[in-house]
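Sending over a structure as structure tokens; questions will come in a sec.
Letters A, B and C mark the chains as written, and numbering starts fresh at 1 in each.
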Amino acid sequence: MDKLIIKDFDLYYDDFHALKDINMNIAENEITAFIGPSGCGKSSLLKSINRMNDLVEGCKITGEILLDNKNIFDKDVDVNQIRKRIGMVFQKPNPFPMSIYDNIAYGPRTHNIKNKAKLDEIVEKSLRDAAIWDEVKDDLKKNALRVSGGQQQRLCIARCIAMKPEVILMDEPCSALDPISTTKIEDLIHKLKNDFTIIIVTHNMQQATRVSKHTAFFLNGEIVESGLTNRIFIEPEDKRTEDYITGRFG
Amino acid sequence: MKKTSFEGFMKGIFILCSTTSIISILLIVYFIFSGGVPFIMEYGLKNFLLGTKWKPTSTPPSFGILPMIVGSIYVTIGAVIIGVPIGVLTATYLARFSNKKLYKFLKPCINLMSGIPSIVYGFFALQVIVPIMKSLVGGTGMNIISASILLGIMILPTIIGLSESSIRAVPNEYYEGSVALGASHERSVMSVLLPAAKSGIISSIILGIGRAIGETMAVILVAGNQPRIPDSITQGVRTMTTNIVMEMAYAADTHREALIATAVVLFVFILIINAIFLIVKRRTLN
Amino acid sequence: MNNFKSYVIRFLVKVSALITFGALFFIIGYILYRGVPSLRPSLFEFKYTTTNVSMFPSIVTTLMLVFSTLILVTPIGVFTGFYLIEYAHRGNKFVEVIRITTETLSGIPSIVYGLFGMLFFVYRLDFSYSLIAGILTASIMVLPLIIRSTEEALIAVDDSLREASFGLGAGKLRTIFRVVLPVAMPGILSGIILSIGRIVGETAALIYTLGTATKMTDGLFSSGRTLAVQMYVLSNEGLHVNESFATGVILLMIILIINGLSTYLSNKLTKGRID
């Protein structure tokens, strides 16, 4: 079943045509990677899927993005509900300047879960699922900004999955981290795919091959080629894809 | 970089100029304290600070300034109750709820508000607030409520200025992180941005308190100025500042010294408030 | 958080802004409404009498006070700024002390300044109620303002400008006056203009130093009253209500012009900043 269907989708930042006629299906419970050089539009597409682009002045879209066959841009859609179902992990870890506990509990509290026992349960489960429980369990009151960059990112992932989203969008989640943290997060992503549909934007092609099942290659706002990761990287159909993955540009 | 003797001379001039603020504060402290402390020593600190009777012209005269200290505190608290919620919420509006065009017009208005002379505020309050208050609660209309409303309005620009910059200074990543979790714009601003701007907002409130407690000319026209501890907020009151201004013109000898001593107490209040402000500011930088 | 709570927050925030700006416009509007009709030529007569309560002497006194104060305090404040930003090294204790004293000075209430001015300039130095006492007191009052705006203006100047100048062999002094100062000028001017506003609006500090004489000041040691002091005296007496409003109108006009200039200059500072 396709979790997300992107149909005839165009995006403009004022006059700049950032995404051109995107058509793509995202499979459920799979990991899909968006790759491509800087400025190719992959992050813009990602931010459209959870409608974060609504916040950007001058951004206009045409076309549809269907979540379980319903267009997320329909007038009767509550955008906050979309963002509850489609979570996001940002490039630079951005935990709130609050305690670890309050960070994780923020999402559930926003959606009206107030019972302390229930919140405790959610916080622990999310931290466990994000593979960081053991490192922080002794001091959940600690300010989240005091832990290392890699831990902050795993906290952000825990905060995201505490909402029990159906889709997780990751915008170059490891680019600000050291290699060891990167490995930890990649392992985490593998674990997560069983319960979530994941789309990851990455600059790092090795990461794409390590982590994703499907890959889409973007260039100048268009999808040049998409399909199984294994195939794309071993037998790319388009010359531009081949040039990119062999490092001739980008 | 050649260093000529002229360069050295000019540097010396610059350093000399820099000492002006140090010399000024030392002079101020010296003259105010030496003008008032001898009186306090003679009259007794406790009698002065805790005495409830201010009767400088009776025999023997009594110089208890507790009613004035209480008066200052009451009108300041009143100003805070009115000014802080409105101020912080307005700052929130300016930082996160207004559009660019409106903001370009409104922001200079806040600066304008802080530039309006106190006497203009005071006179306005005398002509508008006092008559309304008179018809509402009787008496002269000059009471704690009138003074609080006036002071509340006067400290708005102080609170709004610093609070708004603090809210704007919060990194946008926190806002985006909250929105990405499905929280509404309002929830994201109130639950993430405002708490993150806490230090700046508190600093602005402390600054506002300092402004309110030091205000004289506006308050003198609307506070009633009876030198006794009030029983209710519809009664008139005298503050430390208005006490000085009201009687300085005709005060002599001991009476005069008592007034200067009042300024000493006021000064100490201000120094304490300033110190708290500086401490909170240092904490923000950490 | 549901839609209702969001709605309430948005409502509260907008209402607060409405109250704030509503109060501002109402105050200005009311003063103009009562004051403009009361403006008469006799209010601007050369000599003050108790019937015409002319503003003219106080306007002249205000101008003289402002002008003289600025001449005295601007160099001192700007040079202090030069030292703090262009010369002093980080963590210098002296700089710390100057910063603390400047901050403290800016928090002192006007009445305390007034009393100090009276005790020191009027009595101890025996200047009696005079222009010079007013000038000196006002100078100390606005010194922190000038220092702070100079500092901010200097900090905003990109270091690469200084480096370019030094690289060409220019000394520190030449770099400051020829390269940094021109770029920092709008910010410094903005601070000077705000200081004008402060002096114009001041009452308590001047009553006890400059005094309240009704003639215009005609010498450093003569007394006078500024426009704001005039307004206070009139309001206190309670006799010339309309004239008080008229004085208020003139004061507001001055402040509006001052603020307009300051905003214009601040915008120039942002535009001219090299990023």
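We take it that contacts are C-beta pairs under 8 Å (C-beta built on N, C-alpha and C of every residue); 3 or more make two chains touch, one makes a residue touch a chain.
These numbers were taken from a predicted model, which means no experiment stands behind them.
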Longest centre-to-centre distance from subunit A, chain (CA-based): C
Chain occupying the middle, per Cα centroid: B
Separation of mean Cα positions, subunit C and subunit B [Å, integer]: 17
Distance from subunit C to subunit A - Cα centre to Cα centre, in angstrom: 53
For subunit A paired with subunit B, centre-to-centre distance based on mean C-alpha positions, whole Å: 49
Residues of subunit B touching at least two other chains: 183-184, 187
Where subunit A touches two or more other chains, by residue: 110
Multi-partner residues of subunit C (each touching 2 or more other chains): 1
Of subunit B, residues touching subunit A in the complex: 171, 173-174, 176-184, 187, 191-192, 195-196
Touch list for subunit B against partner subunit C, complex: 1-4, 6-7, 10-11, 13-15, 17-22, 24-25, 27-28, 31-32, 35, 85-87, 89-90, 92-94, 97-98, 106, 108-113, 115-124, 126-128, 153, 156, 160, 183-187, 189-190, 207, 210, 213-217, 220-221, 241, 244-245, 248, 260, 263, 266-267, 270-271, 273-274, 277-278
In the complex, subunit C residues that touch subunit B: 1, 3, 5-6, 9-10, 12-17, 19-21, 23-24, 27-28, 30-31, 34, 75-77, 79-80, 82-84, 87, 94, 97-98, 100-105, 107-113, 115-116, 119-120, 124, 140, 143-144, 147, 166, 171-173, 194, 197, 200-204, 207-208, 228, 231-232, 235-236, 241, 244-245, 248, 251-252, 255-256, 258-260, 262-263
Complex interface listing, subunit A residues touching subunit B: 50, 52, 55, 80-84, 87-88, 90, 92, 94-98, 106-107, 110-111, 156, 159-160, 163
